[in-house]
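Heads up, the next two complexes both have chain A, just with different partners, chain B and then chain C.
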Partner chain A sequence: MKIECSEIRFSRDGFNLRADAEFCEGLHVITGRIGSGKSTLASILAGTEKPDTGIVIKEGISSEILSMQFPEYHLTHMNLDPEIRSWGVDAETVLGIAGLICPEEKDPMTLSRGELKRLHLACLLQKKYDLMILDEPFSSLDCIWKRKFKDMMNEIDEGVRIIFTHEKRVLPEYTNLWTISDGLLLRVE
Partner chain B sequence: MIKFDHMIYREIQVPELNIPEGLCSVFGPNGSGKSTLLRLIAGIDQPDEGTILINGNSPRNTECGYLSEFPDRNIVFERVADEISSPLKFRHLDCNETEEKVRGIIQEIGITGLYDKNVTRLSGGEKILVALATAISIKPGLLVIDEADSHLDSQTASGVFEIIRRLEIPHVVFCTQDMNRVEEIADFAVYMENGRVAESGEPSSVFETLGETCFSPGNTES
Partner chain C sequence: MKDPRTRMASMILLSCASFAGPKAAIASMAWIIVFSERRLKIPSPWAFLGLFIMVSIISIISLGIGGISYFIRMTSLILIAVWAYSEIRPGEILDTLVWFPGGKTGFELGLIAETAMSEIRRIPRDFRMTRTAISFKGKKLSLKEYIPVLGNILIITLRRADEQGKMLAVRGYIHGGTHASKFDTDKKDIIGLFFAFATILFALANLVTYL
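So, the complex of A and B:
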């Protein structure tokens, strides 16, 4: 099981991204400053953005998820219960994992941003994916939930997991550490 | 001084709180009421009971710059230059003066490369920098920033707060999940839990009370 970027090149408005990399089974952390191309690469790997040249090759991957930086982009319903059920998971279980004590008819957009991120991650982690691409999953989480999410990620031992993040203090155990600098993806460890 | 007097709004209760001029950090667990408190200070929401006064004026009579925790909620116009110049244009400032001010601001924030770009195509962090540039374009007496640093890398966030400090805005109230930042730059700290101000004062004294919890600097990683 792996995902490979073969001679990926992407240009827009003067920004250039280059990526040649292979992500094997395990957890990969990709860091980089704002505007370095993390979200663009995440979109290219997920297939929601097309590179100008090069291809993304996926082997042995039959299920995948792109978790976007902004949890509000994932919402498809106006109430918690149908929103959670739209993931095909149990609402009570998810609310428990996310630590949310609120009526199931509550509008998810009335949650705080951190709570909304917890809800999204709790839905996501209820399912198994061969490929998980997580764009800034720690963003907006408080220190308690950063630790919890780190522990939950450490419990997953199957599939290819790629985390794009600027978080440095709380990270799960990773297989490889990567960085994007001046639009170039490089393996650091 | 920002003065709360027997303020109640939905689940938020602040019987008394006095925030002095300078950089004030509001921090605490997700869902503790930080964003609501910031919206009240900015005058976006109004108390059900009691008052909030900023140097004796209501928040809605205070010139305020506000950055939402949802970056897309800050954006009105598509082009970066139009977005940043909008508060000045709404005040009917001369076109040449507006242009000059916008050029100066984007240079100061370090986003000259974004001038003509479409805001919708920016990264989350870049959207925050554009929103900040827009908010400070009017030189507000109060700047309210809701967890902007969660979208920024550490180096960029530090640079942003250096700029904010340089601007000498009388009141800056910012929410963050980075306790090291609170310790480094805040003049005053407010720790919230369950819709209440659990602790407030100088950051060192607030952190001393919070002890070994992860809401103290240095304990985040463990």
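So, the complex of A and C:
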């Protein structure tokens, strides 16, 4: 099970991104400053953005998820219960994990960004994916919730997991650390 | 056309002309074909197609009671809207409104319009992101899900505008402002505006004949 980006080149409005990398099973953390191209690379790896040149090769991956930085985009229902069920998971369990004490008919858009992020991560981490691409999963979370989700991520031991983040203090145990510097993806030794 | 002032004036004149009658609407469409530089670059083809289908349906329903006239006039208005939207550049509305009616009211109106335009430009991206999220849930965007999805996008847009407003207030913005508008006018602007005037005169002449 692996994902490989071969000679990826992406350019937009003076911004250039280059990536040649192989992500094997385990947890990979990709860091970089804001605007360095993390979200773009996440989209390219997930197949939602096409590179100018190069290809993304996925081997042995039958299920995948791209968790976007802004959890609002993942909402497809107007009540918590159908929203959680749309992920194919149990509403009660998810609400418990996310620490949300609210009626199941509540509109998820009335939750704060942090609550929404907790809800989204709780839904996502209830499922098993061969490939998980998480774009800034710790944004909008306080230290306590960052650590809780970090611990939950540490418990997952299957599949390829790639976390794009500029968070430096709270990180799960990773297999490889990568960085995007001057538009180039590099592995940190 | 480079000058946003002549473009906006042309837009208003052509819209009024199109609304006045089918002949002037056809003349306005001809104006778009001649003066638009982005004839084949429709910003959102699906939205355009949706509007076009909606107008077509209403026209068919009202055949015999002005359906054809309605179809021509509305098609022209849609084309004018698409042209105006696709040719406008960030900052141009602020430039124009500061030029007229001026620094205080114009600046405020311009700021509101620029904020609205930047949010409108982000909606297709928001929609694309939502569609991506739905596909990762293993689903397709069905008609049933359109209402919550579009509702969410509307709320996201309003929240962003609210945050922007609060940020301006925190930075000390109260009302009005200074902004030096710059315009680049060429021959095509003058010719375009002249023919837009000619189109509205043609529309008025038709109305007079009708009366």
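We adopt the following convention: the second predicted complex is superposed on the first by the 189 of 189 C-alpha atoms of A that agree within 3 Å, B and C clash if a C-alpha of one lies under 4 Å from a C-alpha of the other, contacts with A are read in each partner's own complex, and residues count from 1 in each chain.
Quick note on the criterion: contacts are C-beta pairs under 8 Å (C-beta built on N, C-alpha and C of every residue); 3 or more make two chains touch, one makes a residue touch a chain.
These numbers come from a predicted model, not from an experiment.
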| task | Look at where chain B and chain C land on chain A after superposing the complexes, then choose clash or fit. | result | clash
| request: Classify the contacts of A:E72 with the two partner chains as first (chain B alone), second (chain C alone), both, or neither. | output: both
| Once the shared chain is lined up, is A:K168 touching chain B (first), chain C (second), both, or neither of them? | first
| message | After the superposition on A, what does A:E136 contact: first (chain B), second (chain C), both or neither? | response | first
| message | Between chain B and chain C, whom does A:E64 touch in the aligned arrangement: first, second, both, or neither? | response | second
| request: Compare chain B and chain C by how many residues of chain A each one touches, and report the one with more. | output: B
| query | Is A:W87 contacted by the first partner chain B, the second partner chain C, both or neither? | reply | second
| What is the contact status of A:K50 with respect to chain B (first) and chain C (second): first, second, both, or neither? | neither
| query | Which partner does A:G35 contact after superposing on A: first (chain B), second (chain C), both, neither? | reply | first
| message | To test your reading of the overlay: chain B has the stretches 22-30, 40-48 or 94-102, and exactly one clashes with chain C. Name it. | response | 94-102
| query | Hey, what residues of chain A end up touching chain B and chain C alike? | reply | 70, 72
| query | Of all residues in chain A, which touch chain C in the complex? | reply | 46, 48, 64-66, 68, 70, 72-78, 86-87, 109
| note | chain C residues touching chain A in their complex are 126, 129-130, 132-134, 136-137, 139, 145, 147-149, 151-152, 155-156
| note | Per the touch rule, the chain B residues reaching chain A in their complex are 28-31, 34-35, 69-72, 113, 117, 121-126, 129, 147, 150-156, 177, 179, 214-215, 219-221
| Which bits of chain A are touching chain B when the two form their complex? | 12-14, 32-35, 38-39, 69-70, 72, 100, 111-115, 117-118, 136, 139-147, 166, 168-170
